[in-house]
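The following pair of complexes shares a single chain, subunit A, combined with subunit B in the former and subunit C in the latter.
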Partner chain A sequence: MQGLFAIVGLTLKAAIRYRVVIVLSFLLLASVVVLPLMIKHDGSAQGFTQILLTYTLSAITFLLGFATLWIACGSLAREVQECQIQMLAVKPIARWKIWLGKWVGIVIINAILLGVSSSAVYGITLWRAGQLSESQQEVLENEIFVARGSALPDYPDIEPYIDEYMAERLEENPNLVDMDPTYVRSQVEEQVKASQQVVRSAHIRRWSIPVSSPESVKDQPMFLRVKFFTSRPYDTSTYNVLWQIGPPETPQRERLSMDIAPETPIEFEINPNLLDAEGNLIVDIYNDNQEALLFPLEDGIEVLYKQGGFGWNYLRGMLVILCWMGFLAAIGLAASSFLSFPVAAFVSIGILIVGFSSGTLSQVIEQGGIGGINHETGRKDSASGLDYIALPIAKGLLNVINLVKDFSPVSFLSTGRSITVSILFQALTQIVLVMGGIFAAFGIWAFYRSELATAQGNQ
Partner chain B sequence: MKLLIGRYSRYFLILFMVIMVTCAGFMQRSMNRARADMGLTRLQPLENAPPVLAFTTVALGGFRGLISNMLWIRATQLQEDGKYFEMVQLADWITKLQPHFVTVWVHQAWNLAYNISVKFPDHEDRWLWVQRGIELLRDHGLKYNPQETMIYRELAWFFQHKMGANLDDANMLYKAEWAAAWDQLLMEGKPDYEVLLDPQTPEDKERVQVMRDVYKMDPAIMQKVDEEYGPFEWRLPESHAMYWAFLGLKVSEREKDYIQLRRVIFQGMQMAFLRGRMIEFPVADPSAPGEFSKAFEFGPNLDITEKTNSAYEEMMGADEKYLQNIGTAHKNFLRTAVYFLYTHNRMQESEKWYDYVREKYPDSINSTLEEYVFARVEEEFGSTSQDRLKGMLMGFIERSLIDIAMGQEEKAIAGEMLARKMRKRYYDEINESQVVRIKLPTVQEMKIELLARLLDPEEGLNELMANQLRTRLGLDEDYDPKKALGELRATAQVEGPQPEL
Partner chain C sequence: MVSPSTQEAFSSRSNTEQAGDVVISVRGLTKVFKDFWGRPKAKAVNNVDFEVKRGEVFGLLGPNGSGKSTTIKMLLGLLYPTKGHIEVFGHSPRHVATKSRIGYLPEESYLYKYLDSKETLDFFGNLFNLNTPERRKRADQLIEMVGLNNARSRQVGEFSKGMQRRIGLAQALINDPDLVILDEPTAGLDPIGCREIKDLIVALAKRGKTIILSSHLLSDVEDVCDRVVIYYGGRIQAQGTLQDLLVEPDVTRITSPVLKRETMDKVLNTIRSEIKDGSVTIDNPTQNLESYFLGVVEKARASEESTSGALAGKVADYLKGTAEEQTSSRDKVLDRLTQIEGKHDAKLHVEAPIEKVDHGKLDQLTHDSSEAFHAPEVENAAKSQADLDAANDKLSSLLDSTSDKDSDASNEKKD
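Then we have the complex of A and B:
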């Protein structure tokens, strides 16, 4: 381990010698201080705090990410190029230790920089919040400076219903046998789903939402987050609904009449202590409109409740960002293990661009191929030869990318969502151990195979 | 010598660079002129832009569109996810990347004021977004595009439709917030142009400064609007719609778009006629006895009948394409004016407009004035238009109060009963979900509102009639209708609405 630590120490010394740490610290702190002065917001305390957290943490992530790639590519490729690596390679130290030592060194640099800059963001955010009125501070305490857990309704498994309904349909209409069975099943599935999602005009629907730890939410404010659709696309009108929340026929049951807009999530506070004896939140909605309203099973209705404090949540969020930095360091080092500095930087950035293109990849999968879609269905009518190659590649790439991208600590922090320990462990496993590990294995393998003493181009 | 040059070469180079940049600056001016003369510049150079914006628009060149697209995609995605806190910043960047693209300003402002605002169930939150939409157009859009008709039209529309109309459930909050803000700026609710045009005291100077800096409004133009179309109640959003449409007509260069601003003006006049009078009254705070805050109600502004008519006629002359439609609207306005003036006991004016409408549109009224008004009552009996019905009810109650003053009690009771029946019928017609949005004041509330006007020594009945009214209603000499209305409202808030019949 002594050799490994020695490399870590050398990497840190090099970073300090080249003033990377100082310059980056200055840049990060400047962005943290200057950004709040420049950004425009909706005028509310919540809006300002949310945009402050989002923009400063995103700026830190971007700057650190870019610097990490640069350092990672430079530290190995330049040393090889300038023949400095030979001084290390002739020492009794395994190459994997050199590679890993550099990675650890870069991660430590990141940890220091992230620690300094995120502490500054934390301090500034809390300081600015402290300047607000008590009522606004209370709103921030409940909605943003908090780690809120989420609970969804218990929906029954719809597969048996689909099978049953499908059998009935086929019996009623034997011609359906001639149709594409996948298509028929998807139609039946939508019909079954609709029975659980739709609230017809002048009707009531009830949801029972189990909250995992009822005791912990006692006397704590809770929030209902709802999202619905109507039959009209891009609907900008509002709909009158009446909510009745809490155990039926009890005095604490809360009635809220409101006009709400479709297609995007709406969040509103509800009274505390509305759970029934079993720890369920009973929510009834009365649809007082001519139109039916559809609340999707996935995110139609959700309860948000306090699960923990902001400080630890913030720390966990920063650790997820550090995982990303570790992954970027692995990419940069892997590329620089067998490529010269400019090429390694180019390849690393190329990999990132593919990562950022996950939207395009999802679109290819959704549309069933590349280009030439039928605008009526939004899909390709028939797959071309190219699609047979492109689709599996897109699916594979997307799965791999999602292992890293499925985490959104900045978004969670700015909306007061809980980043649990299990999410942190999942991030560590997926981003660092699995994805970072793959790049590390490849990088170490390439580093072992590279001829370090070959005459370099610049000599 | 060589050593000297070598030592100071760096400074020579810096000096050389400065000279070259300065020369390039001079050259750039003449090149820009030449480009404009030869018609090589499609877009006008950006004026009034802050340094950052001027730099980005020049430095980014063709990439501006690309970055703008990316920001637009992000804004759409965030909107779908219900994350609105970045929208103001994104709209600011998008519009500033394409500052001369008018539809971008209009779209972004519309998105903030209309699409995003309604996503918030809380009306206070909605108001924030409506303000942001207005600010984007007024404070920034017009700064870079001071002659763009579409921006004036859109801004006027926000005032007239988003805030002025009752389609948004939060419309009363918008009106109240706007009225409260302008109540601070105007002395006793009305602009005193002598003071506003030449403020002397520090307080007056500050008020004018706020009008100019915050609301970007010029008291001289307000005066012109009042002279040409008013007098208006400047605490109402419709008056501000008129202001921006009027200003647009004065400064815009695109004559083909004028018609849109003229439409705003005549529609604004119509709305101001129907409910352009603001009645303020104190509301008692149930939680703090003895404390009052200001609240507002709206009534028809019959003083602008003549000018509303002129606006219609001007519009008919200018908008040949929709001549028939505007003619129909004009005819309906005149019929309503006859009816409103009659029910508000302005008999002479009612007769004047009755003659006018029959002359202008011979098929409009085929009966005597009294027969027409009576038939209109029957017709309006089933009306579910909040503004029209309220105007009519106010008219009946006013007539009833005057009948009381004149000692015609039976007639007065009949008038009031009719008003009560009509109100009840209205509530029977609208559905439960509309009650909050398009509610009507109670007859008692309307009666006290009208008493405030009728007992006003300057605007109301003459002294004899006012005293007779006080006596017959059993009111004390120090009876304050505004205070009474406030107390009535406070009671209604605590105990719920009072039964009407």
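Then we have the complex of A and C:
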């Protein structure tokens, strides 16, 4: 391991002596300090959080992400180009150790930079929170500066329902057999989903939301976070919704009436101790409007409850970001294991852009292909040859991207959600070990196979 | 402490290897460089065979682009052969543990510019799993040996080219290697540095190290190598010992202190009685420029004139190693060079080569009267004194400018 640690030390020395650490530290600190000064918040806890946490942490993630790719590509590709790698390769150290040593070095550089900048964000956020009104400070305390657990309704598996419903439909209407079965199934799926998430006009729908550790939320404030849609696109009107929360027919059951806007998540506090004997929160919604309201399965209705403090949650959030950086470092090093510096940087950034375009990939999958969409159905009428290739690729890529994108520490911290140790462990496993490991395995293999003396030194 | 794999590599050598063992075996080695599409672009090395034995100083000689460096890089596992087979200490060149026995000085300084001399040696020492006290000890000794005592905390990026070669050489020796591969080791060095490197090569060979030297500078190779291969166009054009390759069996040369005129006449008459075709040549020997230059520098050193450049010290103690005890067989290599070629003593003092002179003048010397014999001698002496004075001035100024150049170069880099 002595050789590996020597490579780690060398990578750190290079970053420090080439002033990468100093310059990036200043850049990050400037963005952390200057950004909130340039953009004024509206005095509300939400506005404050948006700017002090969401914007600054996103800026840090963005800057660090690009810097990581740049350093990773340069660290290996430049050494190959300038022939310094030859001096390492002729020494008794395995190539995988050289590769891994560089990766560890880059992750440590990131840890230092992230530590400096995130500490500044933490300090500035807490300091400036004291300048808000008392009521908004209270909102911050309860909703943001906290680690809140989340519980979603216990939806049944809809696949058997889809199969059953489809069989019924085909029996009722034999003409459906002649139609594209994929299309028919997707239509049926939408109908089954709607049955789980729509509250029709003048109807009540009940949700049962299991809370994993009822004892821990005893006497603690709880919050309902809801989001709904109507059939009207870009709907700006408000809708009156009646809520009955808590065990039915009990005195503590809470009743609320409120006008809320669609498409925007809203959050409101509910009384503590509303769980039933099984630890479920029963929520009944009465739709007192002409329009049907649709509460999506994924995030239509959610219970949030206090699980821990902000400090540790923030630290775990930063560690998840560090996992991302480790993943990016693996991408950069893998690319530079067989490509020259500019090409490696270009390829790495290309991979990153594909990662950011998961929405497009989802759309391709949803529409059943690329281009030629029937605007009435929102899908392709018939698949082309290209679609037979594009669809599996899009599905595969999306699955892979989701392994990484499922973890969003900035949005978790901005909404006061708990980043549990298990989430951190999952991030470490999925982002670093699985995804990073795939790139590392490829990079090490390419580095092992490459002839390191083909470059002519250009020092 | 050293790692088990390194220990294994180090322990196996002393038990099983002896002088004459094959250190490197190359058979049918071919390297074809290909383009992006896999089409052959250039055949850099073409069906090369050779062996290097333990304790040899083996020279790879050839013009630029003849395949020397490509061969070396394949020996080090930095390039992979297209065809053929290489064994280094009985293993593939990519065998990691074997690399602990190899020291390599590349043709350019491929060192990390942001590290200083001590850090550079410490870093490479770490790669050989040397413990901290050992690394420090070796680094100190090597820095002294290559004459960088005054620059130990300066970053390598600030060094002149010659200083970079010196620190490069030091890193190649940090592991007390059994096999030292030197690619153009004297490139960028001043004459003193060149001589020091050559002295070091001989000293290392005496200590049982195997040395591979690649160079296109014929004098470097001739001064130190036991055996050479000569490359051209990727193929070996000639190989063998210097004795085999250079000796002219149909010519005899006699060297002696200055003889009296009568004695000379007798000798010439005796020779002429056997050789009638006028191919006998006689001249006063002249020393070569390198020897003369070094003499001037020695004088300057003796008078304690200062220089900001590098001054080499003694060979690092640890390099003596266990091989020191086995030097008798290696001494034979040196002895052979000394006896047969008359070029080496224990410290590799290169004797001045005797140059051929004008045949017309020799005819005069051999056929004419005593006047004709004396006149050129007087003329030569006067001319030679004038030449020596001129050379003395020139070299003194060269020496000054060399030291100035070194300090200028480093100042420029700083700026």
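Simple rule for what comes next: the second predicted complex is superposed on the first by the 373 of 459 C-alpha atoms of A that agree within 3 Å, B and C clash if a C-alpha of one lies under 4 Å from a C-alpha of the other, contacts with A are read in each partner's own complex, and residues count from 1 in each chain.
In this section, a contact is a pair of C-beta atoms (placed from the backbone, for glycine too) under 8 Å apart; a residue touches a chain by one contact, two chains touch by 3 or more.
Being a predicted model, the structure only gives us computed values, none of them experimental.
Superposition of the two complexes onto subunit A shows subunit B and subunit C fitting side by side, with no clash.
Using the contact criterion defined above for the overlaid structures, shared-chain residue A:P156 touches neither subunit B nor subunit C, since it reaches no partner.
Contacts of A:I260 after superposition: subunit B is touched, whereas subunit C is not reached.
In the overlay built on the shared chain, the residue A:P92 is in contact with subunit C alone; subunit B does not reach it.
By the touch criterion stated above, A:P233 is placed in contact with neither subunit B nor subunit C. Draw one line from the C-alpha centre of subunit A to that of subunit B and another to that of subunit C; the angle between them is 130°, to the nearest 10.
In the superposed model, A:G3 lies in contact with subunit C only, and not with subunit B. In the superposed model, A:P174 makes contact with neither subunit B nor subunit C. Legend: residue contacts after superposition of the two complexes on their common chain; A:N289 is shown touching subunit B, with no touch to subunit C. Once the two complexes are overlaid on the shared chain, A:G385 sits clear of subunit B and of subunit C alike.
Taking the two complexes aligned on chain A, the least Cα distance separating subunit B from subunit C is 13 Å. Those residues of subunit B whose C-beta lies close enough to touch subunit A in the complex are 79-89, 92, 114-115, 118-122, 125, 128-129, 131-132, 168-169, 431-433, 436. Listed in rising order, the residues of subunit C touching subunit A in the complex are 3, 5-6, 9, 33, 73, 76-80, 96-100, 102, 104, 106, 108-115, 119, 123-124, 126-129, 171.
Those residues of subunit A that touch subunit B in the complex are listed here as 39-44, 46-48, 50-51, 54-55, 227, 236-238, 240, 257-261, 263-268, 288-289, 411, 414-415. Remark: subunit A residues 2-3, 5-6, 9-10, 13-14, 17-18, 82-84, 86-94, 451-454, 457, 459 touch subunit C in the complex.
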